[in-house]
Each structure stands twice: as C-alpha cells, then as structure tokens.
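Below are two complexes that have subunit A in common, paired first with subunit B and then with subunit C.
For the complex of A and B:
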C-alpha cells in the first residue's frame, strides 16, 4: 500500500508548486493511473514515491513505512521502475540488463540466470534469441518488454511505471497493454502508472487520479470519472466521445433485459455477445448483423436481450444529456 | 644515399634513439593515463572545478612545445634531462585526456542514468557500471589522440638533452642532410601508427560490442 499525505513539491527557482497538497492512497493489487497534461506533476509524484525527488513537505508511506526514513537505494530496489525512454544500458546484454537488480541485491549467478529467462518468457520474448543481444539490436517493442522484465526481475510488490508504453507505435502499444493486464491478473502488483493518454488510463486503471498544474482535480474509478466529471477540465480531458468510452467500460449484462427465451434467429445468425463483454462490442455486433438487438449469453446459455434503445438511454443518462 | 641506407649504416645509433624515444613515450603515457583519467572523473562531479581545469589545460596546450621545454628546463629542480621531458609531455597530454574523459562521462544518456538510479544503484555504482563503460569510446578517442601527439612532440625533447629520434631530425636540419631528416620522421610516424594500432586493439577488447555503432573504431 502506498499513501501520500499532503505532499507538496516546489523545485528550486520555480514560481509555483509542481505538486500542491496532494493526498491519496493506492491499495494493494491495484493499478492507480496518474493522468494529466504535461507539467501537471504526475511524473514528479511518481518520482517522489521512490525518492528520485524529495517532497518539499508532507509524508509518503509505503507499507506503513515513511520512505524518507528508508535508505533510498534499498527502497528503489524493492520497487520496479519503468520509464518511457526505457533506459536500457546499451553496453550490457539483455541478460545483464534484466539481471541488474538481482545483481545489486547480490543474488547467485545461477538464480539470476534462471529468473531472467523466466521473465523474458513471461514478457513474450524468446530467451535463447535475445539474452546475448545488445539493446540496439532489438525493436522498440522488444526493448519496452525488456524494460518491464527488468523492473520485475526481483519480483517487487510495487511497480512505478512512467508512460511505459509511450515510445512504441499504437498497434504494439495496444498489444503490450493487453499482455500487461493479463499479467497483472496473475501477479497482482501494486502499480502506479503515469500517462497523458485518457484511453490508456481508462483501459489500465482500477483507479484514476486526475491532475492539473500540480493540483488533484478528481479521483475515482474510470466509470466514476466518465459518468460524473468534476469540472470543465476533466470534461475536456475525457473528450467528446464520453458516451462511447463508457460503453467500453460497461458490461452487456448491466444494460440487458433479462429473459429466458431468445428468438432463435439471433443465436443462429451469430448475433450474440457474452455477458461480461463490453457494450461497445455488442454495438459492433449489431452493426455487422444489421440488427437492433443482440442476445446476451453466459457461456452457452442465453440470459438476456440487449437492445439499441437501452444503450441509447444509458448513454444519455450517464452523460447528462436530455433524452 | 636514401633514408633507408642511412638507417642501415647507422643502425645501432638509430636503434638507441628509437628505444629512448619509445621509453619516454611509454613513461609519459602511463603517467598521463593515471593522472588525467582520474582528474577527468573528479571534475565530472564538480562542474565549477571542471571549467577551470579544462581552461587551464587548453592554455597549456596552446603554449608552443619548444618554449615549454625551455621554460621548465630553467626552473629549479628540473634542468636538462628526462624528468623535465616527462613533466612537459604529461602536461601536453592533459588537454585531450581530461577533456575526453569529462565529456565522455558527462554525455552519457540521462535516461540511462535515471533508470540506473531508479533501479537503486548508488552514485559510485552508476559511475563504475554505467558512466565509465559508456564513456570508453570517447575516452579511447582521447587516448589515441594523445598517444600520437606525445610521440610527435617527444622529438622536441632533444633540445633539453633527450637522445631520441628528434635528434636525427634536428641534426639533419643543421647538417642539411635530407636522408637523416626523413629517416627520423619516418620512424617517428611508424611508431605513432604502431602505438595507435595497439590502442585500437585494446579498445576493441574493452569497449562493449553494444557500443560498437559509435565512431572511434
């Protein structure tokens, strides 16, 4: 658990606070996304958690311990750190890069080697192909994966990620996000994730913290933020397509009308979705099949019917428009 | 008579001069490397000191070598001989070495250092495991420039009593003996090329293949 108490940060020579009286808590096993435009203080907050920056005032607790009273090197070794520029050491092989923190912690060579191979595999890289390579021989996506593998090397319970997928093209980014989310299902790390991309924030975050000019503007789950943005700033950050974004986060079962029997022609023509799939997918199916309804299934069984009318009603309700 | 015959006919003399020359160069090289690499590392941590030290080395480098040899010769405790020659040549090697070490260490990509710090490396671990290894290509560029430089300027030490290849050139000039001048010049050049080649081989051993795409091979 990470807890910030009234944190402020003013860089020497700056006129205003980079981070202004911010308090929040990140629960264990959650991905907490810091979202905001450049210069809003999100990176500074992240860097204060592992003491790459020192707060001007306030306290930060990690698992109940005040970080200012902990040795900074030890603190950082106990947290994974991923940055947009990746920062792989160009003079070291991939194996040595991933094994960096274990090396600092004084692990035995054999244990480190095993761990490195295991992690590269987890990150979707072929260990035999990459361990002896140098960073400049990899593609951007591969380097990004190595960066994440390196951060996870000593199995830290906490990960700090500063736009970790920012330097790759959109297609690779989406794949990395998906893979990372499914890893998170398994490993349940406590993650602080910095991004300026609202779509990434909504996709990755269990919890969003929205910042502007050093101030905390709003915090809450993605659906909270989308349905009730705190002010004009948050509204503009979310963008015009708020309703559609909400559909991406709403499960079909939430909007469906329960029913036992569904017209066979819907099922037969493939016009159905799973109950936990997002409503956006249901829309996609409706468009493809040119239908106003889709059947909602739980596994093989039909449990309800989702209609275009309901979806429209929902969008209008949550985005506060008149019907 | 050609330079080649001159060397053959005066082989033992030429050999003696060449041995003196290379022993001077190697002495200077060992001392310079230990002093100036160390100095470069020190000033990379103290920026204010850095500009003063680098300006000083630039000024030294601009003084004509023959006058610097002469100047030191007249100073108490120096006089004619090897000690003066070594000190002056070490001072000449300061500029390329200190500067290349300083720039090499300083120009390491900030994001790599930041990642290292974020992983929990201490300042000295960052120096030893990141900054120095990544600075090697540039440091070697400086070393190779100074090796060639020292070998050439060492010829000037003949004026303060060094019996080296500079003496062939100097006496060749006073006697109007072109073969003698050319013989001296050729051997000095070959020596510089050889030392540079050896340094290149060492560089290949030390610089990580991950940095090979950088210039200076």
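For the complex of A and C:
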C-alpha cells in the first residue's frame, strides 16, 4: 500500500509548486494511473515515492512505513521502477541490465538467467537474440521493453511505471497492455502507472488520478471520471468521444431491460451478447446484424434485451445532453 | 655547424642510452603521483556535496596548464632549491592538470538518466560510482592520462636545466658544445619514449574501456 499525505514539492529556485498538497492512497493489488499534461508533476510524484526526491512537506508511507525512515537502496530494490527516459546501462548487456536488481540482491546466477529470459519473453523479445546485445543495438521500443523487464526482474510487490509503453508501436503496445493485465490478475501488484494516453489510462487503471499544474483535479475509477468529469479540464483530457469510451466500460447487463424471453430470431440469427461484455460490442453486433436490439445472455440463458434506444438514452444522460 | 655521422652513431649507442632510465623515472614518478592525486580529487569533486566547486577548481587546473614548467620550478626554487626533487615536483604539478580535468569531465558527462536509473534500481552511491560512473568515464580519464604522459615526456627535458638529470642532459650538452649530433640523438629517444608510452596507454585504455565501446 502506498499512501501520500498532503505532499508538496517545490524545487530549489522554482517559483511554483511542482506538486501541490496531494493526498491519495493506492491499495494493495491496485493499478493507479496518473494522467495529466506535461509538467504536471507525475514523474516528481513517482520519484518521491521511491525517495529519489524528498517532498518539501507531507508524508509518504509505503506499507505503513514512512519512506524517509527506511534505507533508500532497500526501498528502491523493493519497488520496480520504469523510468521515463528508459536509462539502460550502456556498458552492460541486455541480460546484465535486466538482471541488475537480482544481482544487487545477490541471487544465484542461474536463477537470474532464467528469470531474465522469462521476462524478455513476456515483453515480446526473443531472449536468444537480445541477451548478449548492448542497449545501443536495440530500437527505442525494444529498449523500453527491456526497461520494463528490468523493473519486474526481482518480482517487486510495488511497481512505479513512468510511461512504460510510450515508445512502442500501437499494436505491440496493446499486446503488452494485455499481457501486463493478465500478469496483474495473477500477481496482484501495487502499481503506480503514468501515461499520456487516455485510452491506456482507462484500460489499465483501477483508479485514475488526474493532475494539472501539480494539483490533484480528480480521482476515481475510469467510469466515474468518464461519467462525471470534475471540470472542463478533465473533460478536454478525456476527449470528444467520451460516450464511446463509456460504452466500452459499461457492461451490457447495466443497460438491458430484464426479460426471460426474447423474440426467437435474435438468438437464432446470432444477434446476442454476454451480460458482462461491453456495450460497445453490443453496438457492433447490432450493426453487423442490422438490428436495433440484441439479446443479453448469461452463459446460454437469455436474461434481457438491450436496445439502441436504451443505449442512446444512457449516452445522453452521462454526457449531460438533453434527449 | 657540421654533422658528424660517427659522432651521431656514438651518441645513439653509448651517450644517450644511460639517460633513458633516468628520463623514464622523471616521467613515471610524476605520472604515478599525479594519478594518485588527480583521480581521487576528480571523483570527490564530482560528488553531489562538492559539485558546486568543480567549475572553480577546473578553472584553476586550466590556468595551471598555461604556466610554463620552468616557471613552476622557478616558483618553488626558493623553498626547494635545485635538483631532482624540485624537478619531480614541478612535473607532477604539471601532469596533474589534464588528468584531473578529464576525470571531472568524464564523470560529470555520464548522462543523468543513466545515473538516475542506477539509483532507482537501488544501487548505493558507492555502487553507482564503481559500476556506472567510473566504467563510463574510462575513455575520458585515459585520454587525460595520455595527454599528460606525452606532455611530461617532453617537459622532463627541462629537468636537466635544474640539475634534475634525464635525457635533457644530453640535449643541453649538445646545445652548449655545438654538437647537433647529441641534440638529434636525444630528441630521437624522447620521441621514441613518447610513442612507446602513448601506445602503452592506448592498450590500457582498450583493456579498461566499457564493453559496449569495444565493438
């Protein structure tokens, strides 16, 4: 668990606060995503959590311990850190780079080697091709993935990830996100994740924390933020297609009208969705089947009917427009 | 002035060689002392607590480099007199500058994000120095040592003027007695020593260089 209490940070010589009275908590096993324009203080917050920077005032607790009272190296070894500028050590091979923290922790060479290969694989890199290379022999996106693997190497319970997928192409990026989420399902780490990409934020975050000029503007689950943005700034950050994004996060069962039976032809013609699938998918099915409603099932059983009218009503309601 | 090949051959084979060892001492001893002083100084100056001092200290080193070595000897003459000791001292001071300067430049040009990553992974500042900053500074440091060594080989000639011996003795004898054969022989040995030392340092540099630069 990570807890910030009224944290401020003013760099020497700066005339404004880089981080201004921020408090929040990231519970164990959650991914907390930080979102905000360049210079709003995201990196500074992460760096204060692992004590690369000390706050001007306020307290930070990690698993109940004040970070200023623990040994900084030990603290950092217990947190994976993906730095924004990647920062691989140029004089070390990829294998040595990924195995850095295990090496500092004194793992056996064999165990480290196995772990390094496993992680490179997870990151979609071919271990045999890259382990002996040096960082300058890789592309930017490949280096970034090595940076993520390095942060995960010693299996730290906490991860600080500063735009971990910023340099990889959109296709690989989506694959890495999925891979990461499925690992997260299994290992339940406590993660602070910085991104500039609202879609990534919605996809990865259990919580979003939206920042502007060092201040916390809004905090909440992705659906909370999408349905009730705190102000104009948050609204502009989310983008024009808020409705579509909401439909991606809303399950069909929330908008359907409960019903035991639906007209037969819907099931027969394949015009149905599962109750936990996103409404966006229901829309797709409707378009494909040229229908204005779909059956909603739980397993094999029909439990409701979702119609275009209901969807439209929902969009209008959450985006505050009149019907 | 005439040139006597016989005399030249004799200078090459008999008169100059005894001075080789003396001259090498005038190079290696000041170099050794200079490295022992300049490296740690350069490292300390680049530590966060002292970093603010480094521009001023660099300025002193750069200025020091413009003082002729003979002037250094002259400055110390009233305290130390003439002879081997003062010559070594002057040469040491002279050799210090390029090494210290390059050590400071080398360490302080290690990119911030690399040091940041090393710290962020949990390296102590000592580990960052040993495993990141120093290995990455090797090329700069070695090139400082190289500059310094080549400079010292030629500057050490002046040691003979203050009774410090070395290959300078035969060169100045040649000047005093109008024997270009001696001057030429001495100069050739000086050149050979410079080349030899430079090659040796290049080899060391290659051995110590960070792996990714070896190709």
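FYI, the second predicted complex is superposed on the first by the 291 of 323 C-alpha atoms of A that agree within 3 Å, B and C clash if a C-alpha of one lies under 4 Å from a C-alpha of the other, contacts with A are read in each partner's own complex, and residues count from 1 in each chain.
Please note the rule applied: a residue touches a chain if its C-beta (ideal position, glycine included) is under 8 Å from a C-beta of that chain, and two chains touch if they have at least 3 such contacts.
Note that this is a predicted model, so its numbers are computed, not measured.
In the superposition on chain A, contact is made by A:86 with both subunit B and subunit C. Residue contacts after overlaying the shared chain place A:76 against subunit B and subunit C alike.
In the superposition on chain A, contact is made by A:101 with both subunit B and subunit C.
After overlaying the two complexes on the shared chain, residue contacts for A:52 are found with subunit B and with subunit C alike.
Common to the subunit B and subunit C contact sets on subunit A are residues 50, 52, 72-77, 81, 83, 85-93, 100-101, 104, 134-136, 150. Of all residues in subunit C, those touching subunit A in their complex are 113-114, 116-124, 127, 132, 135-136, 210-213. Note for the complex: subunit A touches subunit C at residues 50, 52, 72-77, 81, 83, 85-93, 100-101, 104, 134-136, 147, 150.
The touching residues of subunit A, counted against subunit B in their complex, run 50, 52, 72-78, 81, 83, 85-93, 100-101, 104, 134-136, 150, 160.
Across the interface of their complex, subunit A is touched by residues 109, 111-122, 125, 129-130, 133-134, 136, 207-211, 213 of subunit B.
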